[in-house]
Amino acid sequence: MAVRVSSDDFDISEEMAKLSSGDTGIGGVALFVGKVRGDVKGQPLVSMTLEHYPGMTEAELGRIEAEACSRFKLSASLIVHRVGELKPGDNIVLVIACAPHRQDAFAGAEYLMDYLKTRAPFWKKETLGDGSAQWVDARESDEDAATAWSQTTK
Amino acid sequence: MAVRVSSDDFDISEEMAKLSSGDTGIGGVALFVGKVRGDVKGQPLVSMTLEHYPGMTEAELGRIEAEACSRFKLSASLIVHRVGELKPGDNIVLVIACAPHRQDAFAGAEYLMDYLKTRAPFWKKETLGDGSAQWVDARESDEDAATAWSQTTK
Amino acid sequence: MTERQSPPEVTLRYFAWLRERAGVSEERLALPADIVTVRDLLLWQARRGQAFEQAFAKPEAIRVAIDHAHVKPTAAVANAREIAFFPPVTGG
Amino acid sequence: MTERQSPPEVTLRYFAWLRERAGVSEERLALPADIVTVRDLLLWQARRGQAFEQAFAKPEAIRVAIDHAHVKPTAAVANAREIAFFPPVTGG
């Protein structure tokens, strides 16, 4: 179980190898990579700047990960989130969930992403082609996705 | 959209880069890696041999992928499945689903895996520590997982 | 006078434990004319000697594909170029 | 005779557009004694001059964390070492 905040990019193969090699109890690994899209409602995006709350970010990601591990049978998990200025196509976030079986791996990764989106203290500011910059609004659908987990009995 | 059957291992970072680089409409990439577990009901596993039906495998994986792309808003997808003799910890299968939004990416990858498990013509034979070899039985839970999709209206 | 046309040949393929039990991975032959459905074919296979009898003892445990596509026991075998027999798949 | 104990100081932190509107990222001060809950604190912030008035105009749009954990408007501020104010999160 690990969380990391960094301005550097990550290598998925390397992260997965570090997390899962040596544990032959792992039968499935679900991964998710969030990327910067090149347009915002039709407007070209020049860059995206990610601000976070050092200290709280690590604490909150740790709590999210602990919760995922208690809900699903996970062998290992990882959250890596980038901060600073990113360009279209750049990686933003990596989530990995390893489990004996694929259903737990998928559910674990999806749970990590849903809660990361609604609870981890990151904020995105978009700079558009016309030079304007704006803070991204929180999406209601993300809140709904996280709320849905609290209604599942598993 | 691509499918590949090979005795060679795959590199996840490389496969993802080939699939997604250049398309800045992609906001989320969900990946799944299936791995050989080191034990079978408490017995140590020595090796696993994967047999498949050349020709039908590619046709069936292609149909599964086309179905996933018609159900979910996927930008690109990939299925790589290994055949031949594998050892505990080795990769068996890689599924990647790229989409503008994470929900479609996750659902696409999970759908691909569920149908791959129940429709793609692969068979596993396990060689155990005591020298015995046995064909793996199909799991009912895999059938159920695939059936569940046919009951969703999305 | 027209020559009687010989029945078309079909390729039969066997995988996993079905291949091992039947003792053959592939064969090419003309099916008897009274075999209409996949179910007929499965019952016929079970009468082709001891190895096939053992391999096809439980037809409900056997899956069939015609020309690389899964088919049901009620499917017709006419015009098939390749028919494959195998246990439920266990890939991934 | 005992010296009157000065009220404890707390660190206040601001993020994203709240930081930009308030014009400050971090400050250290003693809160007035009549501030009991997070809601009290949000209403007090909105009365600290023009910049804060603008930043805290819609308290329902502001999220609060005490000592690195999300809290509700009804939470008590007593014993807090660090209180942070920010818009709903948008990471991932």
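Letters A, B, C and D mark the chains in the order given here, with residues in each chain numbered from 1 onward.
As a working rule, a residue touches a chain if its C-beta (ideal position, glycine included) is under 8 Å from a C-beta of that chain, and two chains touch if they have at least 3 such contacts.
Bear in mind that the values here come from a model prediction, so they are computed numbers and not experimental data.
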Chains touching both chain B and chain C: none
Longest centre-to-centre distance from chain C, chain (CA-based): D
Geometric centre distance via CA averages, chain D-chain A, whole Å: 27
For chain A paired with chain B, centre-to-centre distance based on mean C-alpha positions, whole Å: 22
Centre-to-centre distance between chain C and chain A (centres being mean Cα positions), rounded to whole Å: 49
Multi-chain contact residues (two or more partners), chain A: 34, 102, 113
Multi-partner residues of chain C (at least 2 other chains): 92
Chain-chain contacts as defined at top: A-B, A-D, B-C
Partner chain A, residues of chain B touching it in the complex: 11-14, 16, 20-22, 24-39, 88-89, 100, 102-103, 105-106, 109-110, 113, 141, 145
Touching residues (chain side chain C, partner chain B) in the complex: 13, 15-17, 65, 68-70, 84, 86-92
Residues of chain A touching chain D in the complex: 34, 50-53, 55-56, 59-60, 81, 92-93, 113, 116-125, 135-139, 142
